[in-house]
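The following pair of complexes shares a single chain, subunit A, combined with subunit B in the former and subunit C in the latter.
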Partner chain A sequence: MAYQDDIALMAHLMRRAGFGARRDELEARVAKGYDAAVEELLHPETQPATDEYALLRYQPAALLPGGQPPMGNVNWLYHLVNTKRPLEEKMALFWHHVFATGNSKVDNYDQLLEQIQLFREHGMGNYRELLSIVSKNPTMIFWLDNQQNHGTAVNENWGRELLELFSLGAGNYTEVDVRECSRAFTGWTFETKIPRLPYGRFPWKFEYRPEDHDDGEKVFLGHKGHFNGEDILDIIVQQPACGKFICRHLYNFFVADEPQVPAWPIEAPRNPKAIDEMVEVFRDSKFDMRAVLRHMFNADWFKNARFQHVKSPAEVVVGTLRFVGGSEVPRPGYGELSMNTAYMGQDLLNPPSVEGWHTGKEWINSGSLMARINFMAEQIGNTSALGVRGIIDRLRVKGSLSPEQLVDGCLDLLGPVEVSADTKAQLLSQANEWGQISWSNGSSAASDQHVGQMLQLIVATREYQFA
Partner chain B sequence: MANTDNCIVVLQLTGGNDYLNTTIPYNNPLYKDNRPAVGIPDNNIIHLDATYGIPEYIAPMKKFWDAGQMAICHGVGWKESPRSHFRAMDIWHTCEPIKVGTEGWLGRVAREFDPNKENVVQVVSMGPSLPRALVCPGVPVACVAGPLERYGFLPQVQGNERAHVLDRFAKMYSPAIGAGPVMDYLSETAIDSLKGEDIIKVAPQKYSSTVQYPNTPIARKLKGIAQTHIAEIGSRIFYCDHSTFDTHAGEAPAHNALWSAVSQGVDAFFADLREHNKSQNVIMLLFSEFGRRVHDNGSGTDHGAGGVAFVLGDKVKGGHYGEMPSLEAGKLVQGDLDPNMDFRSVYSTILDKWLGLNPAPIVNGTFEQPAFLN
Partner chain C sequence: MALTTVARGRVYDWSHAIGRGAATGTGFNYVQTMCLDKNGNAYTTNRGNENNFGMRANHVKIGTAAGEEDLLAEFFQYGEGDGKTTWPFGIAVDSERDRVYCSDEWTSTISVFDTGGKFIAKFGKPGSGDGELSHPAGIAVEKSGNVIVVDAGNNRLQVFSPDGKFAGKCGGPGKAPGEFDQPWGITLDKDGNILVADWGNNRIQKLSPQGRPLMCLGSYGKSSKPEGAYAVTPLGPYVAAEGERAGHPRTDQFNHPTDVAVDSDGDIYVCDWGNHRVCIFDSEGGPITTLVGDSQVMSKWGNMSVSANPDMMKARRRVKSLEPEWRFCFPTAVDFDPASDQIIVADSQRNRLQVYKKVRNYTDFQANL
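Moving on to the complex of A and B:
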């Protein structure tokens, strides 16, 4: 494979398994090889964790933010921008899409951030264990009211969403299963909160109350027994529907956009063979997410699925900030910065409902498209920012550039980005207005500016909205 | 009565609004029996008539009722209604209970009104996402997430340069043949928004009002809709939502807060329109994807089936339409009210009598029309 192809493939891997990378990083990773890059991503423990010291110093309120936005958003954005473990953070985002839990009800970013931390720690581990951890996560319990699910009065919220949204998908269980599943989780609650004032917030803690558990016989998905919650999870993961559901989520998030989740019982996957392969690994590895991810990143259908995924707002904002640079330190203004995903339709830690966000094409509407283009154009137009300087420095060594060289150079260093002939013609037409640009005879500043303007035009293209 | 400038505002109560605690059958002993934990106490119920009442926190709606401008559609839903938020909302939006629909009912309305897409601000949605009810190939929707004034591309480019840059931008988004459906959708969205931004932005500049809206998200959305409507820029379909009505637990305070915000916002909205003499051609539909379970769960209510929809407006014939499904245990479906008015019936009346369209191709069938509009 030619070197430029290696760079393009590595850029694809980093956009999907992380939040993109600058050219220096891509070159360093290509030098070590694709396999090594995948293994490093799959083993975040080989890289340092994000140091929270800067948060303590600049945004102490973001460490235990309570219920007020945007301090919770500040905390996560800081991790997203600074992480040296991109796949760990990307998987936390993936599970946040699936186990969508929101501040609108929880009113406690401390607890939401703790849930994200669980996803960091267990997101690439065993799915069966993760289900158990999430079932005992007080934030989830409160979000889906399981503290109100009593042996004498069943509350179906958690039981239903566990089946519909977290494991099997609609159509793979009956209303009776919902009821029986909910009964099995009675008594799964958390310690009563101490009133907020004057003590402040206390961390929530899982508690199992046997006296509130309905230990009667249950019939669930064809199995009969005195099931408790863990038994239910064991039955769930053995269902063929479970692997299909989770792997289709992975495919939609990492490979190529699928139809929205409610359509899954009706519409076949766009690549059924890919899903089958993943399901097989999922089953054979006894639900090991790392094994499924490894298979996915090494599959040809992953490597070839370039630009078939509309960037989520989190990918837009984090990708841009990591590329441009300068937002590593959470200085004043970080709160406003952290709300940009929300302006594009993805308020992190506060999804619109338990079903999470609709993805792919549905990220795009008139207002959200304006928000994403305006944000990216403003950031990338900053010719003194480190990442933009990096592009300028690589271009200016040539001394002077023809319009074609400017367009090609910018497209290459910003991705490589692939654009249609029509888009390219427009970019070229703009570059032609500037003519040959050079970095001699005092024209440096103007040429820097033109590079910045060309980058702004590129991030505004249709093609750039895809990863 | 279907005039060509008639408008519709949809206010979506996302999450499954509790029908029985919104329109309370306060004389029915089964209501009290089934609601030991979340039943509205007698002294907190405002009677609409000898059968139904509303909780005090929905008091602003009583004005509409007294003025004969509030239609209550009972038992709304459909047979085999799923208890999934996801799916149920999708069905309300697309009128497709069996397969997955790709066209929203209001998207189809917009296409009927303006097949050649001459008006890019005909449909205005307040909020960061695009509801499927408005989705239809080729139909532009202006989604306004923040203040109307900030709607537009590349605000950092100003002065003489702006026209040039926006022209370049438009050319980059001009449809390319064979680029694929998502690319085409991006093109359309960008080009339509570009055309619409200058129109929408002027709406708040023209606006002044003595009406004070409450400081709630839904009131801000309704104010944006009022500003757009009052500016007379040709917008006819407006959409907004409030959430989350998914009151599995802690229902009493939550339902109170939700409906206080909605009813006060709606009250301010119509007051604003009346102050500008712009209320005559507006109706508002309030709906939710399903009602909630008849028997409470000790703290809230689980997902149910039959629900309630409201239609408000100067031209609406107030009153009850249909009747509340029986609360008797033997008549319930899995513990839920059995829907007895198809939601497409409500749509059909609006389409036929208010918007002057043949409902059948829009709602995928012919349904009885409750007569809340002449």
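Moving on to the complex of A and C:
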């Protein structure tokens, strides 16, 4: 039983720090131990990078996809499905939630993919440095109009969102702070890039124009000086609100669903003690994200928070494809496949606004639920797929299964998934109709099919929508 | 930046560019392979994408100077059934027999057209047996009319008669001479020797007409980004203050080469895809120089696009440097036209061809001008 608990805990870690794992991988990770698994996840450089050349051989348009879906989505889906560095990719997804930037305005998946690459490279590094990198990221500059933020005509869009959505949260600054912050970022822009016609896309390059910078004195969050953008970032990260805001984002994304961000000024965290612990590490480590993540994944409140997080569409699609297998190499139709998260309410690289997506139970409505279940059921019902065969092969060694053994076996190997007694009874009701199943006397194909159908029923349960 | 490249006993002049990005008609859309007909005009396969579905083969006039480009034919478009394609890849022309062969790496078939693009026949099917194909890539036609197909997924070459009957094979997966890892382009020299871009093994292999290994050229080497350089894509090329070859590996180090050509002197041209350059060697494999793309004058079709979009011209006039536009970006194919001494490079991500001329009897200028 202790071993089964280890498997369940490892499955929990891999659902949260990655996109789930098959039983073979869980067993291998358990053999090395939980601590080793966490450290490997925190050090993606120990694992090989995804082979981008294979993607470009099959889908060359995924390199510079321009503004039209789905080729940008193809690029990221390929990385998500193939990565050997799941936490690196999960952190890129996390920061994409926080620094939400979208193709609806940028009209350029190339630049959005470049931003995702920044998140891969720096997502587990120092938050203060990441703020600086994002502040100079031309995609963000264009998204929040900072190229229109001039010394003689201030545009507050970047300055406001930096404080409200990227660092402190509403209620922790004044309108004067927004103004002064924005003044400090005047002159932070990008060079004119070579336009898209006739030879395709070229990237922006950050440019600081001192002649367009307002170097006058500013008063920002109680500090006075001739601040430039970097000075503002130094002040921001020292604010107690900053650590609380970022750590609450982490808690919501990795541990358990919180209310939506606009409600944070009026609704307390569901576990204030956990947030306080993370903030302390954030502060003491001088804003080192890896240190905060390490503390979080090793905390009891993380280990005990199983199935308290509604899977995002990205987690649904990527988790399913990685589990089932067969989507590692692009094929015709990969573009359509990559759009499935959008059909479930999460159009990757194109969030609905700078606030990103509303998460938790807001992922679920009658349409998105159907899209999730149909997608998962279609994939998991493919009994010839590698991951599904893995489940079947483990069950068939038992020779024959009672209805209860079939249900328990499928629940175990698909997760383990924990379901209510009522759900279990419904699954058992269906299994009872099939009776005892076996893999002898020519009944193999039918038994395979019953396993596939039971898996389809499980992915359609309420409980399976949680990670 | 140099438009004339002078190397050991060789001179190459950049001539002109052809093309623009277009899902149909006058332009290209991610050229995968290319071949030249007896008049020096190019056939290309275009991979397209799942937004514009610009998959197709086209036949384009090269000419000897800017402005002569012309679309001669377009065929093998996206779709199902005879004459259509899902993932077009290889293309080879047999001008003597009025045949063009095109591979589809998804359906693992070879479609045969006349040189005007009219569908004639199709052969091949998925599999690993004799006459079966897996992800067929480049194609070459022997003097006999036999067709050599780079059977990339099976890591071998297969030979077919002109009507598609299996005639022979060589190779297999591996790293030893005569073995391949997802090979891509192919060419034949004047003696019928076979040169293959061994993509995954980062080398060029030269085989006898019977398939016996004769030479392996190159090893792995990847460009590094010089400090402060402008990355044209996340995977290069890099435009650096130190010069257009800054950060490049040695000439004989490749990053996933996709094609190879041999000129009338026996010099070898390697399309070094992942390093965004063409590497040139003598017939023994001795390094000569590299070409990095020098498209400083816009193509005719490119000019048409810009002229019709005033904002594009306005933006171009504000750009500090157009150098990133000159450079190759994942070039996929290279060919040599012995009649004109032209080297034609398919600059895949830029949806154009860049044309160089190998200059004979070059006389140096007075150095103190």
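We take it that the second predicted complex is superposed on the first by the 465 of 467 C-alpha atoms of A that agree within 3 Å, B and C clash if a C-alpha of one lies under 4 Å from a C-alpha of the other, contacts with A are read in each partner's own complex, and residues count from 1 in each chain.
We adopt the following convention: a residue touches a chain if its C-beta (ideal position, glycine included) is under 8 Å from a C-beta of that chain, and two chains touch if they have at least 3 such contacts.
Just so it is clear, the structure is predicted and the values come from calculations on it, not from any experiment.
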| request: Consider subunit A as the common anchor and indicate whether subunit B and subunit C clash or fit when overlaid. | output: fit
| task | Considering only touches as defined above, state whether A:203 meets subunit B (first), subunit C (second), both or neither. | result | second
| query | With both structures placed on chain A, which of the two partners, subunit B or subunit C, ends up touching more residues of subunit A? | reply | B
| message | In the overlaid three-chain picture, which partner chain does A:56 touch, first (subunit B) or second (subunit C), both, or neither? | response | second
| task | Mind working out whether A:446 is in touch with subunit B, subunit C, both or neither, as first, second, both or neither? | result | neither
| said: So in the superposed three-chain picture, is A:155 touching just subunit B, just subunit C, both, or none of them (first/second/both/neither)? | reply: first
| task | Return first, second, both or neither, reflecting whether A:343 touches subunit B, subunit C, both chains, or no partner chain. | result | first
| query | For the overlaid structures, how many degrees, to the nearest 10, lie between subunit B and subunit C at the C-alpha centre of subunit A? | reply | 100
| request: Figure out whether A:352 sits in contact with subunit B (first) or subunit C (second), or with both, or with neither. | output: first
| remark: Once both structures are superposed, the least CA distance from subunit B to subunit C in Å comes to 13
| subunit A residues touched by both subunit B and subunit C? | none
| remark: Per the touch rule above, subunit C residues touching subunit A in the complex are 20-21, 27, 29-30, 32, 47-52, 86-87, 106, 182, 184, 199, 230-235, 255-256, 274, 298-299, 301-306, 309, 311-312, 315-316, 318-320, 322, 324-325, 329-330, 348-352
| message | Quick check on the complex: what are the subunit A residues that touch subunit B? | response | 104-105, 144-145, 147-148, 150, 152-157, 160, 164-165, 170, 175, 178, 257, 259, 261-263, 266-267, 310, 342-345, 347, 352-355, 358, 360-362, 364-371, 373-374, 377-378, 381, 420, 422-423, 426-427, 429-430, 457, 460-462, 465-466
| request: Would you pull the subunit B residues touching subunit A in the complex into a rising list? | output: 14-15, 82-87, 90, 99-100, 125, 128-130, 140-146, 151-156, 168-169, 171-174, 176, 179, 181-183, 185-187, 189-190, 192-193, 196-197, 243-244, 246, 248-250, 297-300, 302-303, 334
| query | Any idea which subunit A residues touch subunit C in the complex? | reply | 52-53, 56-65, 68-71, 74, 110, 113-114, 117, 191-200, 202-203, 205, 331-336
